[in-house]
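Working notes for the structure below.
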Amino acid sequence: MTPSIIDKLLDRAFEEDLSGGDLTTEACVLPAAQARATAVARKPLVVCGGEVFLRAFTRLDPEVEARVHIAEGTAVEKGAVLWEVRGRARSLLMAERTALNFAQRMSGIATAARTYTSALAPGSSTRIADTRKTTPGLRVLERYAVRTGGAHNHRDNLGSAVMIKDNHIIAAGGIGPAVERARARAPHTSRVEVEVANFAELDQALAAGADIIMLDNFSVEDVRAAVELVRKLPVRPILEASGGITLERIRALSEAGVDVISVGALTHSAPAADIALDLAL
Amino acid sequence: MTPSIIDKLLDRAFEEDLSGGDLTTEACVLPAAQARATAVARKPLVVCGGEVFLRAFTRLDPEVEARVHIAEGTAVEKGAVLWEVRGRARSLLMAERTALNFAQRMSGIATAARTYTSALAPGSSTRIADTRKTTPGLRVLERYAVRTGGAHNHRDNLGSAVMIKDNHIIAAGGIGPAVERARARAPHTSRVEVEVANFAELDQALAAGADIIMLDNFSVEDVRAAVELVRKLPVRPILEASGGITLERIRALSEAGVDVISVGALTHSAPAADIALDLAL
Amino acid sequence: MTPSIIDKLLDRAFEEDLSGGDLTTEACVLPAAQARATAVARKPLVVCGGEVFLRAFTRLDPEVEARVHIAEGTAVEKGAVLWEVRGRARSLLMAERTALNFAQRMSGIATAARTYTSALAPGSSTRIADTRKTTPGLRVLERYAVRTGGAHNHRDNLGSAVMIKDNHIIAAGGIGPAVERARARAPHTSRVEVEVANFAELDQALAAGADIIMLDNFSVEDVRAAVELVRKLPVRPILEASGGITLERIRALSEAGVDVISVGALTHSAPAADIALDLAL
Amino acid sequence: MTPSIIDKLLDRAFEEDLSGGDLTTEACVLPAAQARATAVARKPLVVCGGEVFLRAFTRLDPEVEARVHIAEGTAVEKGAVLWEVRGRARSLLMAERTALNFAQRMSGIATAARTYTSALAPGSSTRIADTRKTTPGLRVLERYAVRTGGAHNHRDNLGSAVMIKDNHIIAAGGIGPAVERARARAPHTSRVEVEVANFAELDQALAAGADIIMLDNFSVEDVRAAVELVRKLPVRPILEASGGITLERIRALSEAGVDVISVGALTHSAPAADIALDLAL
Amino acid sequence: MTPSIIDKLLDRAFEEDLSGGDLTTEACVLPAAQARATAVARKPLVVCGGEVFLRAFTRLDPEVEARVHIAEGTAVEKGAVLWEVRGRARSLLMAERTALNFAQRMSGIATAARTYTSALAPGSSTRIADTRKTTPGLRVLERYAVRTGGAHNHRDNLGSAVMIKDNHIIAAGGIGPAVERARARAPHTSRVEVEVANFAELDQALAAGADIIMLDNFSVEDVRAAVELVRKLPVRPILEASGGITLERIRALSEAGVDVISVGALTHSAPAADIALDLAL
Amino acid sequence: MTPSIIDKLLDRAFEEDLSGGDLTTEACVLPAAQARATAVARKPLVVCGGEVFLRAFTRLDPEVEARVHIAEGTAVEKGAVLWEVRGRARSLLMAERTALNFAQRMSGIATAARTYTSALAPGSSTRIADTRKTTPGLRVLERYAVRTGGAHNHRDNLGSAVMIKDNHIIAAGGIGPAVERARARAPHTSRVEVEVANFAELDQALAAGADIIMLDNFSVEDVRAAVELVRKLPVRPILEASGGITLERIRALSEAGVDVISVGALTHSAPAADIALDLAL
């Protein structure tokens, strides 16, 4: 993550929370007062966002000392001390909520990613991938959190890779023409993915030479059949399962041999991780 | 919500998703192609974010026609058609994900707010309030969603009102001095809230003349006792319950007579509402 | 004041003044030349804005050394040395006007605030408050300057507290319904203020349970009568005098016992304080 | 003034005032309520800022109808109706303060400019000019207001023209070398101005071929002598009086024949013009 | 291209050129004066940037009427009328240079792209691709211009696809491990490209299963040999020639059968197209 | 160049290139790996942009050590080492392209400026000047590069000086009235330039007292005649040649005695200088 991008996000958050100052802290805490604070997991979680968390404090006050206790991506138990800051009590109090809002969201996503990847069949090479269903403005952080939790990123945005869906197919006059047009226009560095709803479309996508085929709302049995179908091909495309994915279906889908399972819930519905700041003057 | 603030949020989201264009749509869909799309609830939800959803399309393409089908704050069943857009197919496809990312989050929060307020004892005057545990950069939208769902907002930010917590009390040398200092400094338009952890602190907060007292992690019984205590006073402060609030405890807390229950989960952990865009060329 | 907010304001100012470089300094002063400069009061004033003044230089050139000579809020005589910077002569010359433009405005407002608070009756508990009549884009600095001068801030913005004026009353169908609606919607941390133009409205505001009542354009005698009226109440609201406030009326108004006097001129019409930069190569 | 620059300034102002919404208006005024409002001079003033004032309303709500009653630069009496807006009552109430904050400042500066230009000797060709002592971030508006009031602009910023002051002279080793260096570096479209403190320096500036000579803190008699001195030259430079300019000295300085009188107070200390918004539902 | 992204670029350009207004136009041209202007090619060129060119005028003044005469991507002769605007003479004069600066650059790049693609062997399927050597801040426009001229885009940025260069190989401990690591981390939608300097590295890249192999500074003969080598493989990677590409070598390289030729000069050294604005009052 | 302006430009460039991270570097290079990189001229060039180049690395990673080897404005041969950076290999690889994109453009322009100034007749006092035909958003850098190469800047923007062209003349009713109006309105620090197409207009411009006269598309002979014409005047204006300037005509034009030759190609068509980054782990 690029520092100037993080700083921009922090500055926006500070504008939300601190544009009118901090009435309470300015009234109650002397400028010279020092404090030490530790971020503590209040429930088990996968650690993520330490850089952003600590940067919130040092961005607000460059003299704050910041320290990482536990590395990104570590699964910790309740009570684990994740990060630590020391410096002016005012600075620690004023940045506290902003720092936690970032860290709780990021750790929440990393924890969800770990939950999903842990549900894969042991030894499976299936990857869990995120989607573009991210919080507007925070995609860079959320994709990082997904990776930190052990899952993978899907394409970054609409310009990174081709994903042909039903309406693109209708507009182009079929899967074949759609793939052909996309291939002709897209950078040669981008793969071409086609979303299919049934086996007839799967056949067309294979005929069109799609690099990736997304099996939309396929049952586990149908996913397995699709995997077996493509395994016989000399050049096999990547198969991705998507749509209605629940944690319960992950194991069966990975056992069915699909390459990728994409899960919107990783980013749009991961509950915040429970992290508290223990601050001592 | 101020249009220029919404547009700024949309522009940031477009930069994330469209800075490299839309490879697929530009390849497959002719510029002249027209389409119509409706946003449909795929599960029961409370409608929220129509203005932002529709503005995503008209911001990207001022010629798109936008229409609201169901008013903000309405609880709908699965299948309800919420909003509709018509215009260039390219514009609809390119704005689709951005529009949905906003609307799903906002409706998700409104739905959570409705769930919590519906759990209050019938006829109760207790209000469910949000916290500052919002998504960085989106506080204005999330507070709106909380209100749309029927809950209430807490203070907007650190400069809107005084909230004296444990470290402020330590720094100021007690609840009394903390309230006094805050009162002396804060705008006369802001109330002074004190967080207390037990009855001894509650007594001090009452003695200090706090306008609002937050009962932090009080049991339902203790909340009830606190309510009874303050009811006897000539000028009673507002009592707020906070900390470890779960949906299951809402009814009992409201029956105990507390004025406000603040719930961080409203904003930091509400799952996205399930809304799909049905697009027809 | 949050550093990132100050830096943003400084960067805007630099874009105004330095987007085309500094023709004169770049031509006449060698890059290696060093200098020392002191900010000197050329007339009596209340010191304010040292942090912003010094940051202008260190933002432009992190190697500049900055030093505070006199603390914020101090009333000084002509000739007092307020702040000092040392470093590259080019940096000092290029940041000079920007630094002074901020400091002169901030010290001007602090000086005006001191003038008004000094006009209060000795021992009075009346506070002088600012208004939202601030320079667009600089509200955070101007509110800080008001506090530095010894006056108080009114609500930060339209979202911080409720202020019911004539048109709100008309729209709501009376003072009673207006207060009720505002109370029902506003955060429980915000007080509800009502502006009244006469005693009839004052009675209605009292009946409605307004927390603060603004006496708009009341004579000193009427203010005194209003104060006496509310003193008899078991729970008395805060009384604020506003409208046509001049320095000459401050003493009488405070003697009349009003709690707050709000003065738009503090921010919209305070003349710049006279501060010069004495620079020696 | 460029629309996108005005919009940027308005958006910043809205972020200050409306980032938390408008608690009062949203509670008391129905979305459908319509209103009409007129901006009225409450004291004599020179009209300035109509475009920004009206744009505040239409930026917030494009359906507001905006109308100019009195042209920019007109001197009006108390009671004059300057501008008018019609539309949603909510929009008018929410933009009111922002619109007035801009207009009062701009009209205040235009009024000050008119006061100074009116003090010139009748028929005088002397111009009153502003300085770079403008409000950070608002220079473009303030320079426009100066022109609207009938005064003139000095250089826009440090990159627009050369102004050689005492420290530049020291650094360059004298007025001659300073002018030479500046001439060699600056665009050929920029004039070279030299600030002089006495007649010896004036002679050097003349010898160096300065295009403009600023007489810093010269008495009226010395200004007159300087004017007579340069009138005898085949190519005469422009003479500018600056430093300690008060309204009282304007007439004498113009009678002394100086070309330009620059007045920092035009922008840094002009009191806000008194404009009210009369709003009727 | 997304309108809000174009507007942001235009606003920055206006800030550069118009932050101090337009002294000449405001002095010489009455506000009411109308004019008509046409953009005319003064030399043969490929038309590109009409949308940005016209938007410059309508962004500055929404009442300007804008009209496209010749479609994007058309090769025109000297004298061709490309675009037309009508409206306030002031608006046309003030936006003229900004509009042309964008259009001349974009048409310059499109013209260069056409020149390179025209140099390919007739019937060749080789594509000319751009690189990341774009003007900072204008990548989106320049990549569009490349496509408009008939060439192709390479990856959008460092996050869109994998490109393994010499230092990555050293750091990873060889081409094999580098490809493996990148494959394990990158989105499944991104291809993996490896840059090779000789046939030994080419063999390693093939063994590692690279999707794309960039032949860096290969002679035409070596390119041909590489093409023949990979043609024998069951799954052939895409071959890209890069480094020291000149217009003269394009034909031979395409005849050698390489899939892609990437040319930094398309964006970093394309001379501006010669377009003038003929403006008639 | 102001640091905050440079940082803003760098941050925009990083957003373009790094908003999705650097897939390759993050996969292949360990965070702890260190490297050293030198920027090397691959062809003769005039060095420019070292500050921006080095700042790209330290902005991305403040721990990178940056060092200048060769001073700005130096003409170097192929192989010269210009700048050096040491630090985390990841940081060097991620900032490489951004740093080079700036430096190659700036050095390209400086090199072009040197080429043009070197073509002047020996001992000539004619200056080569740039125009407003700069890359949108990068004017500040490009004007600096022009100066670094030894050429001069023309006016910064439309607000810095007056340039009266054909349409201004038509609108104002002649050269005389146009000059008069501009003179009356423009800051006294700005010169007034008039563009003339023939000797009749030249006479009118002289009569009007223009400070600078631009001879638009004059032949060398006509330029010489114009120079001789004005040399006889008691106060001679500056003469500027413009339009259709090629490198071949520079010497003759300077021998003809014109004061300024303005060349749009300096900024709009200078090819990028060839600079490579040699990076060693």
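Letters A, B, C, D, E and F mark the chains in the order given here, with residues in each chain numbered from 1 onward.
Operating definition for what follows: contacts are C-beta pairs under 8 Å (C-beta built on N, C-alpha and C of every residue); 3 or more make two chains touch, one makes a residue touch a chain.
Predicted, not measured: the structure shown is a model, and the values here were computed from it.
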item: Contacts common to chain B and chain F (chain labels); value: A, C, D, E
item: Chain E against chain D, contact positions shared by both copies (same if over half, else different); value: different
item: Rounded Å distance, chain B centre to chain C centre (Cα mean); value: 31
item: Mean-CA-position distance for chain E and chain B (Å); value: 44
item: Inter-centroid spacing, chain D versus chain C (mean Cα positions, whole Å); value: 22
item: Residues of chain F whose C-beta touches two or more other chains; value: 10, 15-16, 18-21, 94, 140, 156-157, 159-163, 185, 187, 190
item: Contact footprint of chain D on chain B as seen in their complex; value: 1-5, 8, 140, 143-144, 156-157, 160
item: Residue ranges of chain B in contact with chain E within the complex; value: 7, 10-11, 14-15, 18-21, 59-62, 94
item: Chain A contact footprint on chain D (complex, rising order); value: 15-16, 19
item: Complex contact set, residues of chain F against chain D; value: 127, 129, 147, 152-156, 159-163, 185, 187-191, 193, 212, 234-235, 238, 240, 259-260
item: Chain B contact footprint on chain A (complex, rising order); value: 9-10, 12-13, 16-30, 33, 35, 89, 93-94, 97-98, 100-102, 104-105, 108, 132-140, 157-165, 167-172, 178, 181-182, 184-187, 190, 264-265, 268-269, 271-272, 279, 281
